[in-house]
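Note that chain A is present in both complexes that follow, paired respectively with chain B and with chain C.
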Partner chain A sequence: MAKYWLVFKLSLLQLLEYRLDLFLGTFRYAASIMLLALLWMAVAKESTAFIDTRYLLQYYVAAAILYGLSNFHLDEVEEDIRLGYISKYLVKPISPFLFYFINSGTKTFAEVVIKAFVMIPIAALLGVSFGTSLANLFIFFCFMPVIFFGMFSLYLVATSLAFWFTSVDSIRLSIMFVFRFLSGIFIPILFMPEWFQYISRWLPFTPVAFTPIQVLLNKLDFSQSLLAFGVLLFWSLLFFALQQFLWRKATHSYEATGI
Partner chain B sequence: MYKSLRKHWRLFWKFRQLRLMLLLEYRNSFFFWSLVSVLWTAFNYFFFSLIVSANNTIAGWNQSEMYVLISTFTILDAFTWSFFYANMTTYTKSIFYGEMTTYLTRPVSTQFLVSIQNNSFNNIFRLVIGIVVLVKAVQATQVPLSLGTILLYVTFMILSLLFIYSLWFIVATCAFWVERLDNINELIPATRRMWQVPRGVYSGLASTLFTVILPLGLISTIPSEILLGKGELRWMVYYGIFAVGSLLFSTWFFRISVKRYSGVGN
Partner chain C sequence: MKQQVFKYLRVYGQISELAIKTLLEYRLNAVVQASFGFVYFAGLFIILQTVFAKTNSLGGWNKAELMVMLGLTSVNWGFIETFYFGNLRRFMMVGVANGTLDSVLTKPVSPQFLISFSQPNMGFVAHPLGLMLFLIYWLWQVEDSITLSSLLSFLVVMIASSIIVYTVFLSYAALAFYLTKSSQTIRALQTLADHAQYPTAIYPFPIFIGLSIVVPIAFIGYFPTVFLFGRGNSLLLSLIVSFAVITYLFSKIIWRISLRRYTSVSS
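For the complex of A and B:
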């Protein structure tokens, strides 16, 4: 485990090397997501139907914080495969999956933590607080690593295709867009058609953003949260199994010389 | 003057030719990136149709008018991703990795060269979708269109593109002043949502900030208002002056900043 601890420390150091870059990378989409709250407030102003603007404000603050867990890039992994640098992980006693997982995970969680530390106090100053119960906070924290694990496995499935194709970043981004749209990061699922709300319970999308946000805002009871967590875990393990299968198949046929 | 213009014009098209050849070489990449672009465009339309369906208006804009605005945004976005993103990425990389020397020694304007050398064709479908929906939406609004209105719309679309370009170029030029900033090119794309909504969405401090101080909120709104026959002269004049001013400022800022460049040995 010591070597993976070292990977974690090195990833953190790498992240903190260019702090202005880290700041920009962390907050670049937060403002964009918060703008959606403004948009809904403008709609609510003219609407005859009741739109809970307080709920929407809380929702988008949480969405901005959670955004990074399902929206990250694995360009470096793709480049390693394409240029043959992956060889160094294949001939050394280190698991490529764990290496990349810890490397990306450190960056992703650092960004989420920074965002939480900056955005929650600012939101509280503006009168937007979550009032989450301790039990729900615990469930919410349980969701976070599983979301990242599932999304990382899925993106790595797409990235593994780089063993066969020249460029796969567009495939990864297509998956990311589908998740952005259907997970509730941009639109709370409550505004989606009812049939989608029904089937979304069993799909991998909503447990990535909408469900944990609902947990944070005390909108789900324990059994609903548990069910959603179970669905997330099931899909994450499925993506992981698929990734392992693809990776094994790819590395068996992988050839590299003179690197 | 004429000779110089002709040289730059020919250079512009030569680069397009090269990019087209590159596209034909990597056809799969083009196919997948086009899919991403179409997905994203469809998402945008669906997103706003969901919001509009909640109330039928957003900040005084009805459904058809909102489609005009979103289509205007889509057309601008197609150009943004096709031209600005590719060029600005190459531009900032060339500063960070010391490749700027190559451009500085070429017998053409450096700003022109770094701004036009790249482009992608992945957003062609986005552009087509934007234009088709725009035409349909304008028909649905039943606003009478004259040639003058269309010309004014096109003029302000060009001004909007100039404004986006200038802003992005100013931000990218900051690369001369900092050590390494990979995310510098993500800054303008991250603010795109601000010009995706009508300016009426902004109220209070946000209104002053995004329509007067840094009029991002006017980028799509002003051309759309012109097409819908509700453009206000004072806003058009203000926005026009601001866009041209930004372009002049970006050129001046580049001239100042390039003096800080110290790359050698390329």
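For the complex of A and C:
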């Protein structure tokens, strides 16, 4: 376990190495999502239908914080596969999955924490508070690691294809964009057509953003939260199983020379 | 002068040929990359559709006009992404840090030209070309007629806007000379560019100014559309043209200073 603790510490140091880059990387999406909040405020001003602007602000602050858990890049893993650096993990007593998982997880969660520390006080200054119950806060925190686990497994599935197709960044990015639009990060699912709201309950998209935000905003009761958590867990395990299957198949036939 | 232009055209022709060959090296990735822009565009289209399910106008623009703005933004961004954005991104990520700039400086072509245009993203070129059909369709739907004078001022604004966006992005790219790692700067510009499809004037005034001057995404879609529909005036037009001249000169100075202070050791 000590070696993985070291990976965690090294990943954290790596993240803090270039602070301006960290700052920009952390807040570019937060700024983008807050612009979306302003867009919907402008819509609310002109709309004849009632749009709860307070809810919108709360929603987008939470979305900005959660965003990083489902939007991260595994370019380094793809590069390791393409250039053959993956060999060093295959011949040493370290699991590549755990190495990459801890490396990406540390960076992702550090960014989420930094964003939360900055955005929640700013939101409070603007008069936005969440008023989340302790039970819902606990459920919300339970969602976070599973969201990352599921999304990491899914992105690693796409990245594993690099063993066969060499360059697969476009596939990974396409998956990421589909999740961005359908998970509710850009548009609250409540604004989507009813048929989509219905089927989205069973798809892997909404548990990644919309549902945990609803939990945080006390909009779901315990049974609904539990059901959504179950759906998220199911999809995450499915992605993980697929990832393990592909990885095993790939490394089984993998050959490297002269690295 | 004429010889110089031909020389650069010839170089660019060879660069494009090489870019197509490189793209076709990984065919699956190329296919996904070509369709990727359309997937993203579909997302932006869904957002606008959702907006117009709630209201009939946004910031004084109706649905058809905003669809034109979306089309124009996507076509412009598609060309930016195809021709130079990826190069600037790469330069900021590895150009100075890995010392690959040296190979550019020793070639008998302008370093700024090679840094900006050496590897066009040919996988993206189908995106702006395809979206022109979308743009034409929604232009057809707009009730306001486009006059000859509005079309002329639109063309002037398009040229000025292209200069502004390119030179401001290029100026940001010069940060690579001063910061060891600066990739997030250009990625931040890319992320914020997602908002170029909305009328920038709907945002509070400080943000409007920020999105026009600091991160000039308003020039990708908003200002050209304003002039296309004859909503601009001569004062705004002269301000935009002056701003284009200022950003051009600014980027020239920034790059001259940055290249002068650049030193390299055994890269």
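We take it that the second predicted complex is superposed on the first by the 259 of 259 C-alpha atoms of A that agree within 3 Å, B and C clash if a C-alpha of one lies under 4 Å from a C-alpha of the other, contacts with A are read in each partner's own complex, and residues count from 1 in each chain.
By definition in this document, a residue touches a chain if its C-beta (ideal position, glycine included) is under 8 Å from a C-beta of that chain, and two chains touch if they have at least 3 such contacts.
It should be emphasised that the depicted structure is a prediction, and the values quoted were computed from it without experimental measurement.
K.L.:
Chain A superposed: clash or fit between chain B and chain C?
P.N.:
Clash.
K.L.:
Touch test for A:Gly84: chain B only (first), chain C only (second), both, or neither?
P.N.:
Touch status of A:Gly84: no partner.
K.L.:
Can you list the residues of chain A that touch chain B in one structure and chain C in the other?
P.N.:
Residues common to the chain A contacts of chain C and of chain B are 18, 20-21, 24-25, 28-29, 31-32, 35-36, 38-39, 42-43, 46-49, 51, 165-167, 170-171, 173-174, 177-178, 180-181, 186-187, 191-192, listed in rising order.
K.L.:
Can you tell me which positions in chain C touch chain A when the two form their complex?
P.N.:
So the residues of chain C in touch with chain A come to 25-26, 28-29, 32-33, 35-36, 39-40, 42-43, 46-47, 50-51, 53-59, 123, 179-185, 187-188, 191-192, 194-195, 198, 202-204, 207.
K.L.:
Spell out the residues on chain B that touch chain A in their complex, using ranges where they run on.
P.N.:
So the residues of chain B in touch with chain A come to 26, 28-29, 32-33, 35-36, 39-40, 43, 46-47, 50-51, 54-55, 57-60, 178-184, 186-187, 190-194, 197, 200-203, 206.
K.L.:
Which of the residues in chain A come into contact with chain B in the complex?
P.N.:
18, 20-21, 24-25, 28-29, 31-32, 35-36, 38-40, 42-43, 46-49, 51, 165-167, 170-171, 173-174, 177-178, 180-181, 186-187, 191-192
K.L.:
For chain A, which residues count as touching chain C in their complex?
P.N.:
By the definition above, chain A touches chain C via 17-18, 20-25, 27-29, 31-32, 35-36, 38-39, 42-43, 46-49, 51, 165-171, 173-174, 177-178, 180-181, 186-187, 191-192.
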